[in-house]
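See structure below.
Lettered A, B, C, D, E and F in written order, each chain numbered from 1.
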Amino acid sequence: MEYKKIEEPLLYDGSQIQPFWAFKEFKVKGSSILAWHGPMEIEAEKIIDYEDIGLEIKSSEMVHFIIEHFDIQPADIRTCYHRQRLFVTIVKDVLGELGIGTNREGDDLYFEGNKLSVSIATCSNSSMKIHFGMNITNKGTPIDVDTIGLLECKKDLDNSQINELTNKISQNYINEIESIEEDITKTKVF
Amino acid sequence: MEYKKIEEPLLYDGSQIQPFWAFKEFKVKGSSILAWHGPMEIEAEKIIDYEDIGLEIKSSEMVHFIIEHFDIQPADIRTCYHRQRLFVTIVKDVLGELGIGTNREGDDLYFEGNKLSVSIATCSNSSMKIHFGMNITNKGTPIDVDTIGLLECKKDLDNSQINELTNKISQNYINEIESIEEDITKTKVF
Amino acid sequence: MEYKKIEEPLLYDGSQIQPFWAFKEFKVKGSSILAWHGPMEIEAEKIIDYEDIGLEIKSSEMVHFIIEHFDIQPADIRTCYHRQRLFVTIVKDVLGELGIGTNREGDDLYFEGNKLSVSIATCSNSSMKIHFGMNITNKGTPIDVDTIGLLECKKDLDNSQINELTNKISQNYINEIESIEEDITKTKVF
Amino acid sequence: MEYKKIEEPLLYDGSQIQPFWAFKEFKVKGSSILAWHGPMEIEAEKIIDYEDIGLEIKSSEMVHFIIEHFDIQPADIRTCYHRQRLFVTIVKDVLGELGIGTNREGDDLYFEGNKLSVSIATCSNSSMKIHFGMNITNKGTPIDVDTIGLLECKKDLDNSQINELTNKISQNYINEIESIEEDITKTKVF
Amino acid sequence: MEYKKIEEPLLYDGSQIQPFWAFKEFKVKGSSILAWHGPMEIEAEKIIDYEDIGLEIKSSEMVHFIIEHFDIQPADIRTCYHRQRLFVTIVKDVLGELGIGTNREGDDLYFEGNKLSVSIATCSNSSMKIHFGMNITNKGTPIDVDTIGLLECKKDLDNSQINELTNKISQNYINEIESIEEDITKTKVF
Amino acid sequence: MEYKKIEEPLLYDGSQIQPFWAFKEFKVKGSSILAWHGPMEIEAEKIIDYEDIGLEIKSSEMVHFIIEHFDIQPADIRTCYHRQRLFVTIVKDVLGELGIGTNREGDDLYFEGNKLSVSIATCSNSSMKIHFGMNITNKGTPIDVDTIGLLECKKDLDNSQINELTNKISQNYINEIESIEEDITKTKVF
């Protein structure tokens, strides 16, 4: 599983959740996690959460992660949501190490009751996709939701720390999936 | 998914990881999580982790959880290890709320470098099983491993708090699995 | 699994067989069976049975059932057709209790050689869908097929009986699926 | 799928539910349905229904069916129980054509409140197995259960009719499975 | 699994790789292999190999095979690529019997370093599809690739031999898949 | 996927086909291919091919390959037999490059009508296993079968060439499986 940090800013508009985006845009082939910093504004017709239809999903500055898995064929959304949950717990732990204590509810992280992140998981027949976006600031977020950004959680957080946590989250997730695969190979089944 | 707290003490000897144990011993039918307090001493021929063969796996007083899932047919060990990881992160979070800060490595929890827990996941063709045991004290644990128990992590922890955390962990896990199922039913796939 | 009877009349035009219709139209989330009375006229481009392409599929008054299952991931059409067959046998049995003796051939019910019903099953990656429509009268059915409606099978059938059988069929199907799940949890596998 | 009628009497003792029995005993290779007339007395250690443990499961004269499917890999018990239910509805229909009206509850057939049949489904990783046994008379059945046999349901039933219904049930089941496979190949998926 | 040789010439334009093509065009229902001789020119928007986007994929005269499998539900691309590889090895062996020695690299056949064939595998939720095309001559192939056709490999190859090898490849593939199914039914699993 | 050549001679007695053998005997964890030279004599109770029961399966000197795959969960015997067939075609091709032209029938290789090899595939819920053994000489093979060994096929074959072909077959198989995985990640599905 390959990790690629995209250095240039990139708008998350919902097209990135589509299968094969990493390959089509960045020639990243196979299972991968791509991360970058940039705004979010999801186009109405690209919303894949039926409960979000009609809502604004936006933020001016976020850390974005796009994960794609090809290891399980056919891909299924149940496994993908399990992996999404694991991903979110990893984010929570990495933030915790920085002194940012959050609460997780399903796939959402909250800091003192304010929403810090958005996430979705989906799949096609051949790959599983996860998006996780975390506000760097709460600028540009919907006014009818109590939101917060990393910089409001911890004022002295600097850019290199945000880069570092982006890398660490990605690497920890890759390690997690690998450690699961390893555990399979040492366990008797009935 | 049913949660049952077993009130009488019970030795975890490795037989509880076998499929249908909850039904055969307690008439608990269907997907379930059973929890109890008691010692652990796994019989050599019941060890299912091939890396543990020849090792002592024991403790005088633990909180034990045995989970069985029948929802996915055929059952597979990969999904089971994903759920095990989610379970461990839930334990970590509940402990954190009590002020017990732990680190997770795969399916192990550590407190200041000392091993607090053991865990395994397995399956048969028709059910997935998870065992998670957490030391209440470090009495009776193998001498060649740095171990710790909840009472060494937090001296003023009382019995009712241990009962409460046992219940809370179980309930949170049930909620987690349900929330995953719910997310499936609201997400467009490609 | 939720059962919802839709009280207002609704044209079955083939769009209802699409995944997530119950959620998008009625906010019914999760596995469900929706039933209503209304006409059928399937739009050409919504026909999903390749053998029906070019045929008229219509009727002026039918009992319609739309079933969606999210329990199996990824969804597969084979399981869905097994469930469709079970559904049709349940319809047959409920009609039989009313004194309407029918023959089943695959997913079709016949009364004295006349076609009483239409049915199709399909799936996306994340849900299985079944439509079953049964003529209340044979009005508006294609002239080149020998069709019949419930009211021609049994002249004294009144509206409340049709409502009752609609509810009973739906409930029996839900019970059937639940009883299968229960049987899984009591059976040794090899 | 091959149908074989075994002409010599054979005791159903529970060993026949094991995978590959048809091949090991009768060189019948591949998916098959074997049927014969004979008594039943299941050995305690061969009971695979955990709810039946400790019960007597016996009858002096039954029609037995043993089905094995190799088409789905890995085999799963959920699909197997779906097929079992379909099988039982087929038995019910064939009996109905002979004027023997029965009620089905899950995988049991009842005639006027008396239990006519027993059934179980199971699987290994590579095959699905179904047993269905139907009393020819109620002789030798457990005294604590209200049972009945075909000859008590319909006094003038003769041997050739029992043979005929045995064959017809088997053939109809084979046709059913084939018709499901055929329907798969004509249906658009989403 | 049905084999059909299409006698009239037919352009392979990429639409044939779509599910249900055999049924929609030729009323061939179920798993099948269709073969014909004809040119290839894949329309840009029908290219399904993301690495081929922007490339010309064409040839004036080829032997084409289109395979569709409905036996595995849900269909998955991994199994499909396994079958594609088996198909290509069968082509290689049949050519070898004619004295045309080729090398296989993945799904490509080469004769003395020149590309003889193209191939792709894909699937929908309900069927697996394989296309394999082999140049009869190298006319009309892209100028930037070293290609070759059967007639350049073996100058005295006549039309009836090409027909024969087309039939033989198809039949051997059908036999191969059947022999795998048969082996399943004779092997103990753990 | 790891390749390990075992240098010391080792009797193939049928125990090596059991899951986790590579880990239990050689601490090789994960998907692997192990190869060695040695005799074969399968113990009666370790025969897993029901058609071979009662037969002698033996040879004094063979090249053995044991493959285990953990990538697909749950493991299934159908995929395993597909991979076995691919493995055998790879052996055939490597032998062909050495000038040893063989015919393949299913999973058997023949040289001028004489049987050169034996093979079986099987699985547990969590891993797929393949054994392939190829006679180095025909010594010690059953007298009622026309067998042959590599040294009878090609008299001047020396030990280093046999070692080389053992390594090459193993490496080519690993490459094949990897190339299939790669092809998955570049192909559009429907």
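Keep this in mind: a residue touches a chain if its C-beta (ideal position, glycine included) is under 8 Å from a C-beta of that chain, and two chains touch if they have at least 3 such contacts.
The model shown is predicted, which means the values in this text are computed figures rather than measured ones.
Looking at the partners of subunit C and subunit D together, the chains they share are B, E. Graph distance from subunit C to subunit F, where chains that touch are one step apart, equals 2. Note: the chain lying farthest from subunit A is D, by mean C-alpha position. If you compare A-C with D-E, the chain pair joined by more contacting C-beta pairs is D-E.
One finds 51 Å separating the Cα centroids of subunit A and subunit D. Mean C-alpha positions place subunit B and subunit D at a centre distance of 40 Å. If you average the Cα atoms of subunit E and of subunit F, the two centres end up 27 Å apart.
Annotation for subunit D: residues 20, 23, 50, 72-74, 77-79, 123-126, 181, 184, 186-190 touch two or more other chains.
If touching chains are joined by edges, the resulting network of the protein chains shown has some other shape, matching none of path, cycle, star or complete graph. In this structure, the chains touch in the following pairs: A-B, A-C, A-E, A-F, B-C, B-D, B-F, C-D, C-E, D-E, D-F, E-F.
Considering their complex, residues 20, 23-24, 73-74, 125-126 of subunit F touch subunit B. Taken together, the subunit E residues at the contact with subunit A in this complex read 50, 74-79, 123-125. Looking at the complex, you find that subunit C touches subunit B at residues 20, 23, 29-31, 70-73, 124-127, 181-182, 184-190. Partner subunit B is touched in their complex by these residues of subunit A: 18-19, 48-51, 72, 77-79, 81-83, 85-86, 89, 92-93, 96, 104, 106-107, 120-124, 176, 179-181, 183-184, 186-190.
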